[in-house]
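The two complexes that follow have subunit A in common; it is paired with subunit B in the first and with subunit C in the second.
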Partner chain A sequence: MTEQGLTLRQRWATWLTFALAFAALVGGVLLRSNTENATFPFSDTKTGLAVRYPANWLLERGTERDDFVMRAQDPAAIPFKTTISLSSLLLGQDANVYDVTELLSVRRAAALSSYRTLDISAITLPDGLQATQMTYSYASAEVNPSLKSIPVMVRAADVIILNKGQAIVATYLADAQSYDQNQHYFGEFLRRLEIR
Partner chain B sequence: MRRLTILLLCSALALSTLVTGRTAHAQTGFDAVNAQRATVSITQMTRTANGQPIISCVGSGTLVSASGLILTNAHIALGSTRCKTDMLVIGLTLQLDEPPVATYYADVLESNIGWDLAVLQITRSLDGRPIDRSVLALPFVEPGDSETLNLDDTLSIVGYTNSDEKSSGAAAVRRGTISNFTEEARVGNRAWIKTNAVIPGRMSGGGAYNNAGQLIGVPTIEPLPSGTEACRIVQDTNGDNRIDAKDTCIPSGGYINALRPSRLARGLVRAAQLGITTGGSNVTDALPKPKDPPAFSRLFFASGVSAAGMPTSVVTSLPSGTKSLYLFFDYANLIDGMVYELRTTIDGVPNATFSLAPTTWSGGERGLWYIGSREQVWPNGQYVFTLLVEGVRAGSAQITLGGAAQTAPTFSDILFGVAADGRPLLATGNVLPAGDTITAEFVFNNMPAGARWRQAWYYEGVQITPPTPASWSDKDGANGKKRVSAASSPGNALQPGRYRLELYMGDQLAATSDFVMAGKQVIDRVNVFDNVSFASIVTGDKPSDPGTTFNTSITRLYTTFNWNELAAGTPWTWRWSVDGNPLFESTQPWQPTVGSLFWLRIEGTGHLPDGSYTLELLVQGVSMGKATAKVGLGQLPVNTFATAAGIQLQGRVTDAETGQGIPGVMFIVLRGDVASKEFTWRMTEVDAISISDSQGQFQLNRLLPRGVSYNLIIVARGYLPISTDGLKLDDKVKSPLVLNIELNRD
Partner chain C sequence: MTARPALLSPQEEGRQVRTYRPVWRTASIEIVLLLIVVGVVLMVSRFVHPTLTETQKTAVGISFALLPLLLWYGISYRQEAQARRPRGRLLIVLVLSMLAANAVGVPLVERVFAVDQWLPTTGGLTRIIGYMLAYGVTSEFLKFAVLRFSVWPIYFKTRADGIAYSMAAGLGYAAVLSINYVVNEAPEPSAVALRVAGITLSQVAIGTIVGFQLAELTIGKPPVLWMPLSVALAALLQGLYVAFRAGLIVGGISATATGNVPAASLGIAMFMVVLLFSTISFLINNAERRARRSPEFSS
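The block that comes next holds the complex of A and B.
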């Protein structure tokens, strides 16, 4: 059949099919994007922190025994569960951000295998707040000795914001290989962070 | 496909239930797999001068909690000159047929050298990082009741063996029966459980289980001093680049035939669970060590033991069918921690049932000791008992058993007390109040008139009465009771301390007993300790807040007391218990401190748990003081000692197409009231979680209680998640419950 053989109606039907297929594709992409980028709210009155974290991530609210205010993990991530958390450190009047990075480094070096600080730099958050970002890496190993897991190399970032005698630390942990790919979750997390 | 997978999962669960239903009987019996998994290897390590780690000794242990409490021998935990210990490396049974895998370091929480028992806590991984014990979910067993055991009961002993041509070095199970129960001074009846199982020395510190699968004993043998037994040289320990006889070797010889009963371990385990330790006393000076070599003397036999641990009557032979026989002996110049041993032969043939493998000495420097038994018939024959200390022969005695019972003259059952003009003795027992006269009453039988006999009194090993041979008076009769006494000379009162009475028939020792003179007489009892009180703070040896009730927030509890007429060196015992559960006990020579106040202390790793804390003070096994203090509510939280009797859920997640294990899969068990469809991805709705390893294997980090329904979710990127509700774990389901789950790609 040649083009000359197509009726106007057939031509319209062809174009409509293409348009519907395209619309369905765009709709699917949008739906997937919406699902992936959907967030749930979290707030903590004690520290005055409010934020939105990725929907369907496993949320854990910190207790007095924990060193975090909230922690959300991507349950489906393989092999390391991508994690975003918020913590708060009380600071003395004379403390500066490098006291905080040093404190965090020492604490983590004592708790994490092969811990290494990679970089400490000043950054500006989406809302214009000044912050300090410390990136680091470590080897994450399963604590259950019956399970045979090869340690996973984890890349991580702490974003430290000094505010009213406390340091707000937003932390992003991901398998080193998917660190960049998942960083948009952390970017969105920081964009929605409110310090009241 | 998703429905199919869920069906497969449900089928797997149902099948598991069916399979375990068939093996439900095994649940109540000995579970060899769980016992082996709960068995750990303990390696005592030290460092050379240049910092290199070397292995000094090896032993076994048993996990008694999921959070890493280990029950083992004290000599394995604390080390010695033979087994120097700077680090305790814990190896786990990861595969049943493979040697242990060194995984953790452990620290000693509690120990009792005399009982040769200790409780360790896993604290660090091998790279030195602290372990969060709350996330440990290690396989463990619970200590059972060793008092319910009977002769000929079957035992299963689990521990590690040396890796050689005959063994892979994996945790092994050796079976045997109970051949005897051995009594020993300070511990009393059933101080040891004897078994005919062949247990290599490497299994020392492991576990012995009854038919119900309860941990009822700890196989125990001390490594002998270097050069007296087989050992393995595995390292260049002296740094001379050669491996030869000059290098330190690891003891590997010996066979165990004795178990310490779990009864003795229970207090240590409970104290460890509560986080309570003994915090010492206000005596700081250690007793000087004896300079002379250790010695055993005055070996003799008795047909029974009194409640105070004294011989009822001395015997030189016993008839057929004898069940009760004890070897008594004096000891001097011994040091706690030395190794002693009893070897017994019958008609020249070594007999393990009535011997005692090398074990830790804990009786102090000098005194009277005994070993024997009363539950097993002693076969007829000529017995030779040989005592060894530090591998060197130190004394021997022999006795013949057999023939018919004879009606020979006997003295027996010496009873000390305060005489009161023809009336029964007052303040009877083996602790007498300080005074000028000592009186003893003894039983005699078959005594012919005119028989030669004599009494001899001793104070701290020195005879204090002149030899007084006498003829048995016709007025006393052939059978009955007789009193004898010793009095101080005018102006020289009898001193507090240790005394002894010996009664001789001719020149043959016929009866003997020791007693302690201490304290004051108060009506018909002896008052050695008084003003027993408590405090949470002691400043300058004075209690700052004396009382009997204390707030929950205290971290230490002191007990203070005065003492009366208690001579230095007199053995005394303190015993702490909480809510009636004995925790600690120690017998030691009395060392008076400066002033008139003595204190003992217990302390918690954090706050002392709420409870009723009781201190009991004893002399010669007799309670001489007791008091109780309440902390917080005055009782332990409900179910403090309840262990998690639940099901270990584990398994493997695989790709449905390839059959390969999927790493990183999150296996979530939801709280029972949260259905999988209602799950909002909050940790508060989660009961337990495991993430699969590189092989797809998973294991939940805690045991799941039985009788509860569970809802599950399994999720991994790239695969369709699956969920199921209503997994019921009833009493028929055997632990561990293994689930094999297939996931389909999305």
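The block that comes next holds the complex of A and C.
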């Protein structure tokens, strides 16, 4: 029997199998996209902030002692856990955005090894809000000294929004190697940020 | 001195030559031999604790990954050559499925779908569906395509032909997955033994569903949807196998143990072999019995 000798039933059966495989592969791509972009809501009535963070990341809600309102970390990221956080700073009467970047830089230079500010620029958020972005890098050493791991170079970005006497700081931290690859999480985070 | 009476000795019976190679028997022998070797490797690893360099580990791993192919060549392929009607193009099917796995299957699953980056952290049902769509459909469809464009329907004379060709395709596909695992992970020989056996058994056993359906499509008159549904069923079983394998490798944690039970993943693969071999064998016997009773056969 040659290729031309196939019965109608055989032809249909094979074509339907091809169609099923194609549909299943498209379904796989959609499932991946949905899973990776799935988010959970977070809101804080005290600061009036509401946002959505990646569904499979671990959420930590800030307490009085913490310097953040919320922090979400990717538990699967190795060697450095990709982190997105949100914090709120009260501003003085005449304070501007450069006072905030200065304050953050001074604090971080004291706390983080090899801290370096890379760039400060004005940006426009997806909803039209004006903001300032500060990018920086530092070396993150493992907290447990017995693990003896090599420090990881972390690349980070702060997006600072001034609103009604407070500065809202959205921070994105990632291993320098995977910074660009994971940046879409931060973009989506900023897109869903609501300041009430 | 008396003359010894001349005795007539019965004519020596020649070696029995079968019309077709018995696929279930040769496959079962290969599986038993593979499991014996896995058992030996596990015992040696447990009691002798050999220390191997990275190069030695890779060499041992690749040798083990190729072992199912050697067993198939030594048992199935040689017996095929001795049969009165040997099945042609078995080696071509095996090589084509290896090429398909290496050129399309592995890159698609590992790079395009990147299943290791997002599926392990998802819930149970999503994980099963994800592995089914990404890993299961890819492997089952590629094996189907290899059979479809190389030997089907010309070489499918009996229903057992579908099993023989699908097993060859499954072995080729499994060999590439095994080599890929050894090269990328560089694991210990005991881990290689368990993973290679698991991959081989699952690919060979689950692949028989598609092989049987292709044979049925040549010989019988099944509904049109049975072929795509068979690929979907095979893909679902692949998804279940991978999802449960990952779940069983890390077992329950108790006060006395961290619960590492890698051998359990091999248990699932063996269960699939027994279940699918007996089910497909039953279906083939049933279909052939019905065919013998049909008016077309008696006329």
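Criterion: the second predicted complex is superposed on the first by the 194 of 196 C-alpha atoms of A that agree within 3 Å, B and C clash if a C-alpha of one lies under 4 Å from a C-alpha of the other, contacts with A are read in each partner's own complex, and residues count from 1 in each chain.
To be clear about the criterion, contacts are C-beta pairs under 8 Å (C-beta built on N, C-alpha and C of every residue); 3 or more make two chains touch, one makes a residue touch a chain.
Just so it is clear, the structure is predicted and the values come from calculations on it, not from any experiment.
Output check: A:80 vs subunit B and subunit C. Expected answer is one of first, second, both, neither. What do you get?
It touches subunit B, and subunit C stays clear.
Looking at the overlay, what does A:90 touch: subunit B (first), subunit C (second), both, or neither?
A:90: touches no partner chain.
For A:122, select first, second, both or neither according to whether it touches subunit B, subunit C, the two together, or no partner.
neither
When the two structures are overlaid on chain A, which partner does A:60 contact: first (subunit B), second (subunit C), both, or neither?
first
Which subunit A residues contact subunit B in one complex and subunit C in the other?
56, 75-76
Can you list the residues on subunit A that touch subunit B in the complex?
It comes out as residues 56-61, 74-81, 110-111, 113, 142-150.
Name, in rising order, each residue of subunit C that touches subunit A in their complex.
108, 112-114, 117-122, 126, 129-130, 132-134, 137-138, 141, 144, 148, 153-154, 217-218, 221-222, 224-228, 231-232, 235
So in the complex, which bits of subunit A are touching subunit C?
1-2, 6, 9-10, 12-14, 16-17, 19-21, 24-25, 27-29, 31-32, 35-36, 56, 75-76
In their shared complex, at which residues does subunit B touch subunit A?
Residues of subunit B touching subunit A: 92, 94, 101, 103-104, 127, 129-132, 135-138, 650, 662-666, 668, 681-684, 686, 690-695, 697-699, 701, 715-718, 721.
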